[in-house]
Amino acid sequence: MTEVLRTESLARAFGGLQAVAGVSLSLHAGQVTALVGPNGAGKTTTFNLITGNLRADSGAAQIRGRPIMGMKPWQVARLGVARSFQDLRLFTHMTVRENVLAATETASWFWQPGGTRARAQRQQRADAAMEATGLTALADARAVDLAYAERKFLSMARILAAEADIWLLDEPASGLDLASRLRFGQLLKDAQARGVAICLIEHNLDVVVELSNRIAFLDQGKVLAEGDPETILRDPALAAIYFGDRPQEAA
Amino acid sequence: MIAYAANLATLVAIFCILAATLNFIIGFAGIFSVAHAVFFGLGAYAGAQVALLLVPDALLACIVAAIVAGGLSLCLALPALRVRGEYFVAASLGLQMMATTLFAEAKAFTGGIGGLVAIPRPTLFGIEVGVLPLALVALALILFLTARLQHGAFGRSLQSIRDAESAAEALGKNVAAAKTLAVAFACAGAGIGGALFALHLSFVNVESFTMDQSVLIMAMVIIGGTGTLWGPVIGAIILLALPSGLAFLPFIPATEVGAVQQIIYGLAMTLLMVFRPAGLVGDLSKGRATA
Amino acid sequence: MLFLQLLLQGIQTGALYALTAAGFALIFGATRIFHFAHGTSFTLAGYAFLFCWNAGIPWWAGALAGIVAATLFGLAMERFVYRPIQRHEGSFFTVFVAAFGVAVVVQNLIGMFAGRGFAAVDTSLSRATEVLPDVFLAPIFWIAIAVAVVLFAALSAFLTRTHAGVALRALAQNPDLLRAYGLSSNRLSMLAFALGSAMAAPAAVLTAMTTGLNEAIGHHVMLISIAATIVGGVGSLRGAALAGLMLGVAESVALQFVDTQWAEAVSFLVLFAFIIFRPSGIFGVAQTR
């Protein structure tokens, strides 16, 4: 079981608010690590620090031993990190197929490197991603016209198509009905079997138990506990924090 | 009559180039520049200087114009990388106004208010040629290139950046490079249009590169429809045919034709935006994802 | 003493910029609409005043006509252009194009009917006398300062003391309040447009009495207003006013080193520098991505 991503004491404050206060995580190939904690615990901020969307005040992060602090988001992405956003950030005015195809290309130059073969492979990857997320029939619909669950799956399809081996998923299953959640679980299990290292932010503890190998419990920017799901979820102190009097609606 | 038609056709081809290249950054990259005439002007001056100082070779003039305009497009790309939306429009407005002053003052390069006169007739490899065929070839080439770019991976990258910049970046797209390149491409195209314009009129001055001109080009793109291949071409034809059409109306004095033309397209822009944004400008009129 | 002369002139110009920019910032703060036709309010007010003056109507009635013209224009834009666009959730570009179209139309109508080129009213108020060795000041200098001070005092009293003013301010600081408190957005938005546009009128009248107006001055005014709003920090009225003053002074003082035609370029350079190095402006909070 190889470690592919680790963070060491990542910290970041916004004004006087210490959003992330020394988070050390480690993601392993073929493992699902759930990042759990009340709203405002600093989960999304942790992702932003890893991906370079925010600059850390202190701390470090490495991907396969390579330091990534100070890198731009696109550079981190090219090291094999794919992330989803809590607010999805789909390419709203493009079709589903274009959204997914765009995820297979990095083209910042006038053309995408690679010849016809590479292009055909990208097409295939896009088709496979749409198939796996059940979006094939909607390939020509624009993202803005999709229903809620379809949007969430489009966000997942982009990640599938990106062929990254580290996934950072920010509440990808929130608000999904049971059938969609099963499909989502299957996606995750397949990826896990392929050796993808997954970090999953999720509020629904049933989903967490079902899908994750490890849990990191975050509160007020700190990892309060880390371990296998049963142990963490049985800890009454953590449950008190998790189900405490803090507001529970989506941030 | 033939000469009149040829002149109009040449101008239409040149403005089609301008509208098509502006459409490329507005419709695909979401970079709303109000400074396109600046790069048109840079190309015109550069092309004219090549013809005046070196040889009136059209190809050379176009290449130099493209390099100058494309190179200086960094002035536009820089704010495009830093800010979006209204802020960028403000920056490009400012750039346009400053460039107009610069064109009027930098006498060594632009000839000042008087402009550059007596630009020799263009040649191609030593043989004298008309500008119309050159402009048509350039237009065809630029339309072909924009179509290829728009529908290929690069166009998808630009569109994804337009819709959700941070998500595009999270998929490994170098946003800064893509935006800079898109702007450079569009401005180089405008520069080629400028060189052809200078060779065609054999005279250029700052009047052709003011904010009014930028707004005219923008109106062509908007009235024709942003983000489409043929929209800007149609918009350019409509707006250039307008003054000729107005000239036939007896109740408009000749001196007011320009003003009436501007009133018509100003009104058209406003009415389109208020009443039919979805119909004519396609996707962009709807709210965009915040990135 | 050239420097002092330029500085004083800059303060006069800057006071007028501050008024116009504060109007723009007020509108933007309360409605989130980048009112690209704000310069047109200014132009209309100036020409209304010119028209009255030339018709022999007393100056105060002319100034009133200017204020009415600017206010009505602002209200008309809100009602007939921006509100329909916002109803179908137009992007900022839709707003920009629509407003710009109106600006182009008005500019050309004025050019057709009022003539092109600079027009000014000539009053004894704009005749300068030597107040210090080599420093000339016209009475209009003091008028400009006084008008700006009185109007800003009145505005700040309105924004802090009255119910509607407090609501406008709250809206500027936190747009979500609108939804949360169910404030009547249409009425507040009309109020913002009326007030903001009216603030451009005194500046226009005073400009007509000093440097004069032309039909295309709206572009310049718009650029200054936007530049001041961005430089001052979007959402900050005080920032916009201060930045307007600063831009006026910078444009004027720069004349010690460059010719007049570059004055506007100075404002643009300041705007450009802020956009590149500090997009959040002087009083803005740093943005995170």
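Remarks
Labels for the chains are A, B and C, by order of writing; each one numbers its residues from 1.
By definition in this document, a contact is a pair of C-beta atoms (placed from the backbone, for glycine too) under 8 Å apart; a residue touches a chain by one contact, two chains touch by 3 or more.
Computed from a predicted model, the values in this text were never measured in an experiment.
With every chain reduced to the mean of its CA atoms, the largest distance from chain B is reached by A.
Of all chain pairs, the one linked by the most C-beta contacts is B-C. Nearest to the overall CA centre, using the mean of each chain's CA atoms, is chain B.
Centre-to-centre, using mean CA coordinates, chain A is 47 Å away from chain C.
The mean-CA centres of chain B and chain C are about 30 angstrom from one another, to the nearest whole unit. Rounded to whole angstrom units, the spacing between the C-alpha centres of chain A and chain B is 42.
Residue positions of chain B with contacts to 2 or more other chains are 166, 284, 286, 288.
Residue positions of chain C with contacts to 2 or more other chains are 289.
Shared interface positions of chain A, i.e. residues touching 2 or more other chains, are given as 53.
Of all the residues in chain A, the ones that touch chain B in their complex are 51, 53, 72-74, 77-78, 82-83, 85, 89-94, 98-99, 101-103, 105-112, 142, 144, 158, 162. Of all residues in chain C, only 34, 36, 80-81, 84-85, 88-105, 107-109, 111-112, 219-220, 222-223, 226-227, 230, 259, 261-262, 264-265, 267-269, 271-272, 275-276, 279, 289 touch chain B in the complex they form. Across the interface of their complex, chain C is touched by residues 26, 32, 78-79, 82-83, 85-87, 89-91, 93-95, 97-98, 101-102, 104-105, 166, 211, 215, 218-219, 222, 256, 259-260, 262-263, 265-275, 277-278, 281, 284-288 of chain B. Of all residues in chain B, only 149, 152-154, 156-157, 159-160, 162-164, 166-175, 177-178, 181, 185, 283-284, 286, 288-289, 291 touch chain A in the complex they form.
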